[in-house]
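In the two assemblies presented below, subunit A is common to both, partnered first by subunit B and then by subunit C.
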Partner chain A sequence: MSGILEFDNIVRAYVKAKPVLNGVSFSVAEGEVVGLLGRNGTGKTTLIQITMGLLFPQSGTVRVFGLSPATDPVAIKKRIGYVAEDQVLPGASSIAELVSFHKYLFPRWDDELERRILDRFRLSPKDKIMRLSKGQARAIALLCAVCHRPELLILDEPAAGLDPAARREFLEVAIQFLNREGATILFSSHYMNDVERIGGRAVILDEGKVRLDSSLDSLREDYCVALVPIEAAPNPETLTHITGCLRARSVSRDWHVLFHGNPDDVQKLLAQSVGINGIRCDRMTLEELFVELTGNEQAQVLS
Partner chain B sequence: MNLLIHPGDELPIYRQIMRQITEALAVGRLRPGEKLPSHRDLAEELVIAPLTVKKAYDELELLRFIETQRGRGTFVCLKQPKIKMSAQREQIDAAARNLLSLAYLVGLDLDDVVATLKKAESELTHDVRGPVRKTSV
Partner chain C sequence: MIYRLIKFEYPSWKGVAIFYAVVLGCLFSATLFAHIGTSVTVVALLFLLGTRAVGRNTMFEAALPIPGRDIFCARLLANLLSIWPLFLAIITAIPFSRTETKAQTTAAVIEALLVITFGMIAVYSFRVEELKAPRWWKQIIGWIGMIAVSVLFIQIDFDPIPLFLTISAIGICVLACMALFWKTWNSTPQSFQRGPTEPALRDLALERSVYPRSRGCPSYERSFLHK
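Showing the complex of A and B:
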C-alpha cells in the first residue's frame, strides 16, 4: 500500500473504556479529496489531530507519506497544509507580517495564489488580523495552509460558522489550489452540499468506527432507502438480514431501511422477504443518507 | 458555459453536467465543432471538484458527444450520436402527463397547453437564432 495517508486500527479514548476512535482504518491515495463525516463527538477532530502529531493513538498506527507523525514530525509538516477547527491567528500582526513569517518557514511559496486569495476576499496585506471578519480570518488561515504548495491539505471544519457566500468563496480557493497543485485533501465538514461539491469520496465515522467509505457518485447512485410499515416486519432482523441492508431505523410507524443496492433490486428483495409488492425505494442525497445512517430512532407517537 | 449545479439535486453532480451539456446540444445552445472550456476552468466556474468535471467529460466522450484533441482542447463532435429513443420516450411521456395534470389543476384545457408548448418552442428557437449566434465566434 502506498497511500499518502494511512490509518490502521486507530484507538483513542479520552475517558477509560469509552474510546472515541475504536479501530479506525482507511487510507487516502494521492490526488483524492476525502470528506471526513460524522456526528458531533465521533472523533473527526481527534483523528485529524492524530494525523498532525498533536495527539497520539493508544493503539494502531498512522502513516503520513509513509512516515510516523511521532518520530518524523518536521519532515511531515513541511509537506502538509493544515487549518484547525479553531485556528488562532496572531491578532496584533498585519496580514503581511503573518505571510512573511510563513514564507520564511516555507521557501516554496506561491506568490500568485497568495495575491489571488487576497483579491478574492478583498483583503490588503496591511490589514490587521484582529480587524478581520470571521470569514476573512478563515481565508487567511487557508492562505497560510495552501500557499506553501503542500502535497496534503488537512482542513478541520474549515467553513464552520461562515455565511453561505463566504463558504462558497472558501471552496473556490480550495478548487483553485487543487487545479494548480493536484494535491490530496482530507477535510471534515457538516455541510453536505460542500462535501458533494469538492469531495470525491466520503468516510463516515460512527460509534468509533468507519461506518461507510465510498465514492460520492456511488453513494448517490448505489444506495437507497425503503419505507416499510412496522406491522409488515415486527422484528427488524427480517430486514437487516436482507442482502445489502445497512440499517433499519424506526421512524414513527415505518422502518427506514438503508440498502446498498439499486431501488429496483431492493424492491424485489423486499417483496420476497416481507411479502409486500411495490415498497417505496428512493435514492438519497448525501445529507439524507447521513441522517439514515447515523440518526437516532424516532419513537412511535402513541395515538 | 451556462450550467447550473445543485449538489442537493436528485442526480450526482457529474450526471447534472452531462445532462445539461446534452440539453444544450439538443436546443442548439452548443453547436457541433464548438470548443468547451477545459475541465479545470469549468471546475473553477462551477466551484466543484475538477475530477467531477473530468468524469462528466470522459463519459460524454465515451458516448461520442464530445472529443478531446490532444493539445487543443475539448470540442463538440461534428457528427452527433442519436440518443436512443426508447429511453427518452418514457421520460417525454411522463413529462407530458405531468404537464397536463398541472394544467388541468389550474383549469387550463388541452388547447391552452398546446398554445403554451408553441410559445415555448418559439422562445427556444429565438434563443438559438438570436443573441446566442451573435456572441458566438
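Showing the complex of A and C:
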C-alpha cells in the first residue's frame, strides 16, 4: 500500500464480540477524493476518528502521511482539516476570536479564503457562534478546516441536517477548495448526490468490512442489477453461485441480484443458469447500488 | 496556548467581572457577619452545581493540534479560576469578621479550598486518556464533595477543631493535590480518546453497554458477565 492515508486490517469494537470495524483495509492516494458510504452504525465516523487519533483501533494499523495517529497525533492534526459530524464550536466566542485562535494554531492561514467564505455565507467576524444557524455554524467549521490549507480534508457527514440550499453552498465551497488546492479529501455522507457531485471514488462499508471500493465511473459502468422472479429460482443459491454475483435479496416477488459485470453478459449468464431468457438487467445510480449492496434484512448475502 | 484555551473558557471578561463582583460582594457581606461556614458552603455548592465541576475536555479542543497536557492544564486552570478568587475573598474577609476563632477559621477555609481543588484534579485523574470522565465517577466526586463541604460547614461555624489538626490536614491535602496532579500530568496522552480504549462488556439485563468492571479477573467475567 502507498498513499496519504492507509488502513490495514482495522478492528474496533465498542462492545465485546461486536466489532464496528472488522478488518477494514484501503488506502487513499494524494489528491484523491474518497466518499465513505455506509448505513448508520457501520463505522464511518469511527474510522474517521481513528484517522484523527481520537480513537485507537484494537488491532490493525493506520498511517496518515506515513505517521501513526497513536504516536504522532499533533503532527498529523496540523496537516488535516476536520469537520466533525457533531462539531461543537465554543458558543460564547465570536467568529473573529475563533479565527484568531486557528491562525495561532495554523501559521499557513489563508486570509483571502477566509474572507471569501465569510462573504459567501454572509457572516460577520463579530457574530457570536451561539447566534449562528446550523448551516452557518457548519460553514464556520468548514472555514476553520480549509483556511489553513490542509493536505488532507476530512468531512464527517458535512451536510447532515442542512437544508438543500445550505448543503449545496457548503459543497460548492468544498469543491472550490478542492479545485484550488488539489487536496486529498475523505468524506462520509448519506447523500448519494453529494458523493456523486464531489467524489471520485466510493468506499462502501457494511457489516464492519469494505463491501465495495471503486471509482464512481466504474460503479456506474461495471455493476448492474437483475430482477429475477422468485418462481424462476426459489433457492437464491442458484443465483449467488453465478460468476460476478455479489448479492441477492428478495424484494416483493423478485430477487434483486447484484452483479459485477455488463448487463448483456449477465443476461446471458442468467439464461444459462436459470433457463429464462430476457431477464431485466439494468445499470444503477449510486443510490440504487448502495441500496442493493446494503439493503434490507431479507437479502441473502454472499460471503 | 494555555492562555488562549482559558480565554475560550472566559470569552467575555466583562461578564466574568460582573459575575465575580456580585458573588464576591455577597460572600464578603456574609463573612463579615461571621457566617463563614455558610459562605464556604454556598461557594462549594455553586461550584458543584455548575458544569465546571464535571467538565473535562471537548471535541473542539481534542480535534485540534494541541497537546493533551496543554488542554488538561488549561481546563484545570480555568476551573481553579472559577473557585479560588471566591475563597480568597472569604479568607480576606475573615480578619474583619465577628468570629472569635479567626486563625482556625482561616485554616479551615483553606482546607475546604484544597479539598475542592483535589476534587477538581480527581475529575481528570481517572481514565485520563478519555475525552470525558465516566458519569459515575463525576457523581462520586460530586457526592463526596457535598458531604465534605457539609462537614466543613459544621466545623467552621459551630465547632472549630484545634489549629494543629487543621494545619496537618492542609499539609496532607497539599501533598495529595501535588501527587494527583503529577500522576495525571504524566499519564495525559498527546490526543484524548473519544471512547474507552477497551470494548465494554454487554449488560445483558439492560441491553446496554457498561464499562469493564473487573479488569484482570477473567474468571469473574466468565462466571457473571457471560463473556
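Note that in this section the second predicted complex is superposed on the first by the 295 of 303 C-alpha atoms of A that agree within 3 Å, B and C clash if a C-alpha of one lies under 4 Å from a C-alpha of the other, contacts with A are read in each partner's own complex, and residues count from 1 in each chain.
One rule holds in what follows: a residue touches a chain if its C-beta (ideal position, glycine included) is under 8 Å from a C-beta of that chain, and two chains touch if they have at least 3 such contacts.
Bear in mind the structure is a predicted one, so any value in this text is a computation, not a measurement.
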| item | value |
| --- | --- |
| Subunit B versus subunit C as contact partner of A:216, first or second or both or neither | first |
| First, second, both or neither for A:84, with subunit B first and subunit C second | second |
| Larger contact residue set on subunit A - subunit B or subunit C | C |
| Partner chain in contact with A:200 - subunit B first, subunit C second, else both or neither | first |
| Parts of subunit A lying in touch with subunit B, wherever the complex brings them together | 31, 33, 168, 171-172, 175-176, 178-179, 192-194, 196-200, 216-217, 220-221, 283, 285-287 |
| Partner subunit A, residues of subunit B touching it in the complex | 5, 7-14, 40, 43-44, 47-52, 55 |
| Subunit C-facing residues of subunit A, complex | 13-16, 18, 49, 52-56, 58, 69, 71-78, 82, 84, 86-90, 92-94, 97, 101, 104-106 |
| Subunit A contact footprint on subunit C (complex, rising order) | 1, 4, 7-8, 11-12, 58-60, 62-67, 131, 190-202, 209, 227 |
